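Step one of this worksheet: look at the structure below.
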Amino acid sequence: MASKLISIIAGVGPGTGAAVARKFASAYPVVLLARKPESFESLAKEINSNGGKAIGISTDVSDSSSLKNAVEAIKKEFGPDVGAAAAIFNASGGFLRKPFLEIPGSAFQDSFAVSAMGSVLFSQSFLPLLLRGVELKAEHPPSLIFTGATASVKSSALMASFSTGKWAVRALSQSLAKEFGPQGVHVAHAIIDGVIDTPKTKEWLKDMPSEAKLSADAIANDYWWLHTQPKTNFTWEIDLRPAVEKW
Amino acid sequence: MASKLISIIAGVGPGTGAAVARKFASAYPVVLLARKPESFESLAKEINSNGGKAIGISTDVSDSSSLKNAVEAIKKEFGPDVGAAAAIFNASGGFLRKPFLEIPGSAFQDSFAVSAMGSVLFSQSFLPLLLRGVELKAEHPPSLIFTGATASVKSSALMASFSTGKWAVRALSQSLAKEFGPQGVHVAHAIIDGVIDTPKTKEWLKDMPSEAKLSADAIANDYWWLHTQPKTNFTWEIDLRPAVEKW
Amino acid sequence: MASKLISIIAGVGPGTGAAVARKFASAYPVVLLARKPESFESLAKEINSNGGKAIGISTDVSDSSSLKNAVEAIKKEFGPDVGAAAAIFNASGGFLRKPFLEIPGSAFQDSFAVSAMGSVLFSQSFLPLLLRGVELKAEHPPSLIFTGATASVKSSALMASFSTGKWAVRALSQSLAKEFGPQGVHVAHAIIDGVIDTPKTKEWLKDMPSEAKLSADAIANDYWWLHTQPKTNFTWEIDLRPAVEKW
Amino acid sequence: MASKLISIIAGVGPGTGAAVARKFASAYPVVLLARKPESFESLAKEINSNGGKAIGISTDVSDSSSLKNAVEAIKKEFGPDVGAAAAIFNASGGFLRKPFLEIPGSAFQDSFAVSAMGSVLFSQSFLPLLLRGVELKAEHPPSLIFTGATASVKSSALMASFSTGKWAVRALSQSLAKEFGPQGVHVAHAIIDGVIDTPKTKEWLKDMPSEAKLSADAIANDYWWLHTQPKTNFTWEIDLRPAVEKW
């Protein structure tokens, strides 16, 4: 049975996405979605050589036909009957931190395409597999988890091209939690309120203690904890931040 | 000077939009934006025959070139130097109240196009005129007001195609309030939490007291009140609901 | 009839309370409540000599018997049948902005006594008069308005002795809005997010533009606006801040 | 070292409190606080006979001298140098679900005494032990956890005597999280949104599936999970509800 349950992660950069993939790979085969193969190739290799199973699929979450192809590739790989134990939406559109009147409309368009429409299309693509996971009596309630940010609950000046999409994702997650909770799927939203420690942020906050950045591995543990909550005790939302963070 | 200040209202159906247009027409020439001329023609006529001044411009707020044309038409009518006293975004994308997996992606697309992108493009089009209104020393701080709904703060089951766009609009309004408040533009967001009394809702809540619906005229008064707040006392957000509403 | 409707204001220091009293005195006799007579004497005198009617009553809002005496004094003055058009709770307990472990328990005790219990006892004392105002068919729905602060929605480090009481007041106002709205009483909560321009704050924010502080008179106008909203369009909550405020 | 770290739980009824005590007793000696010995006696016995260590102390959390005695009793038992790994405030004042004007002021007084003042006094009593836990290099960041409820974020009609205290507790937890997080203490608030499955609620929701109630043991697991979060990834707030709960 367990072999029929997979996890899907969209947005597998070197930070949260990769850590989540490694964590869930210890229990399930994982499917890594990213636009460019170089975003998932070495991670898939690493997981496969460590005794897990991972496949990567080049996917544009803002494009419904690209997601349709991903679902087909998954069924080809794992069988038409495959169910999902978890689907994690960790993608975000790019954005410009700029005065509003200097941001081209296309930047908002792109941000909505990935964050807002991407989260919708991702959910529509994988909720059927999560519901199939419910039928397959998955050990833990199949889970749909969205990665949020400070900008999911606070919309600061100059941040509109990011926050508008993130608020839309949060709204989606709340509506889906209410609709699919009673059907056995656990929908959750994590507000990551701080800088995540990744190769990209290595030079940031250098004058702060080493604990001033969020650990991606610890975020992955938190997602796993959400995943293992029983049906009687679902959490919709958690916030996560370093102990020293100002908020 | 006052002759150089106009008000622009997007979304002038027979409810809030029309009431707001009438109210602001008592102080400023008003520009009525709607996709179809039949949405604004009789209203413009009514305002003009009552001693006000109104023009209607067929505009699709989800289309930046359509908005560009609207701005040009406004400058042609009122002069290149025209400023805005108020710009009111009262448009909403259509949506489907349906199980999530039965809603076509295109319905979300349409909803984001009008609510999310529409509010962005509307703001980018008319903030320059509002800032011009600041330069022209408008009597009241030029105001950018967004119409929200219950679904702007609560995302119920089956309502995702509406709430996602509305949360994005609310995020936009908060970011713009923080960026443009210090520049003298008052950005506000009104949460309309209930059924508005319009021809379309005539048959709704018939077993309730007559006061169970919001009055569109009273909403217009509230928008006017927001508009007249001085720079020392800006309100970002109000909620509005009938006294008997359950919430 | 109108002569039977009064307004009661608790907490009439030289800022918001006094401005609200002056504003409501233009429509109703006003009752000024404060612990010490010197807090209301000159204000009552000013209102009475300007053609209004004001009486002051030494009252401790944290003490139910003191409030009982106030109600009796009001009925003696205005008749046993008197109704209230508005009751405004503008009092706050003192607090210490200090590390939590350095704040004596008594400081919390005092803060809860005035903010939390005070708002409860004030509401229990004057809601009967507001409901009487509904029976007397007051022109505007009788209104119970609470003054909140930044700390009503955000609980910062070192501010616990203030914010705990303010959150309790906000909770009270929401519950009462839901219970008494359908009975015709308008319950509202105003979040004053910034420094109010009063004699006490004269030296604050001196390097900022003159508009960096909230105007107490403008707050009073906003309370009046809330008071005049019709039953179809009640606002529970507004926020108020200077255009230049960081938030 | 570990022997010097204890956990303290206030409010150990047969539901959440007892489950949390059992869970934390698997790692630390636990101190059970309740007004009446019968609330903790059998639980302490059970834990002690199962290989754990538990002591009960009759304590009134609304009374600072009673808490002072508790701290002294703890130091006598575990040494003056004792630190705390966790302190969990699970107490709530009684309340009346009644029309506001029928609730005696004393009911609010009692509710504030336990919920609002109780959480303050509990925190002031045990934060020094939690900070001592930081010095003792506890394996997991010492944790101060508050049990909240639906009424901590929503203040319904008739619920004011409960919600006012609960909002105060939530405000306290947020302020303390910001002040003590940087000092190494993890302060968290859990919103329990639903009926907990306890002997007292056995007859409730009988027409619902067995999973319609929260499991107290699962709540305890969630508190334990909060407790084990590293300093880089603190959660301030989680919500917990049954999958079928309407919200």
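Lettered A, B, C and D in written order, each chain numbered from 1.
In this section, a contact is a pair of C-beta atoms (placed from the backbone, for glycine too) under 8 Å apart; a residue touches a chain by one contact, two chains touch by 3 or more.
Note that the coordinates shown come from a computational prediction; the quantities given were computed from them, not determined experimentally.
When chain centres are set by their Cα atoms, the one at the greatest distance from subunit A is C.
Computed from the mean C-alpha positions, the centre of subunit A lies at a distance of 34 Å from the centre of subunit B.
Subunit A and subunit C, compared by their mean Cα positions, are separated by 46 Å. Measuring from the averaged C-alpha position of subunit A to that of subunit D gives a distance of 32 Å. Each of the following residues of subunit B touches two or more other chains: 178. Under the contact rule defined at the top, the touching pairs of chains are A-B, A-D, B-C, C-D.
By the touch rule above, subunit D contacts subunit C in their complex via residues 64, 99-101, 103, 105, 108-109, 112, 116-117, 120-121, 123-124, 127-128, 154-160, 163-172, 174-176, 178-180. Those residues of subunit C whose C-beta lies close enough to touch subunit B in the complex are 141, 178, 181-182, 184, 186, 197, 211, 213-215, 218-219, 221-222, 225, 229-247.
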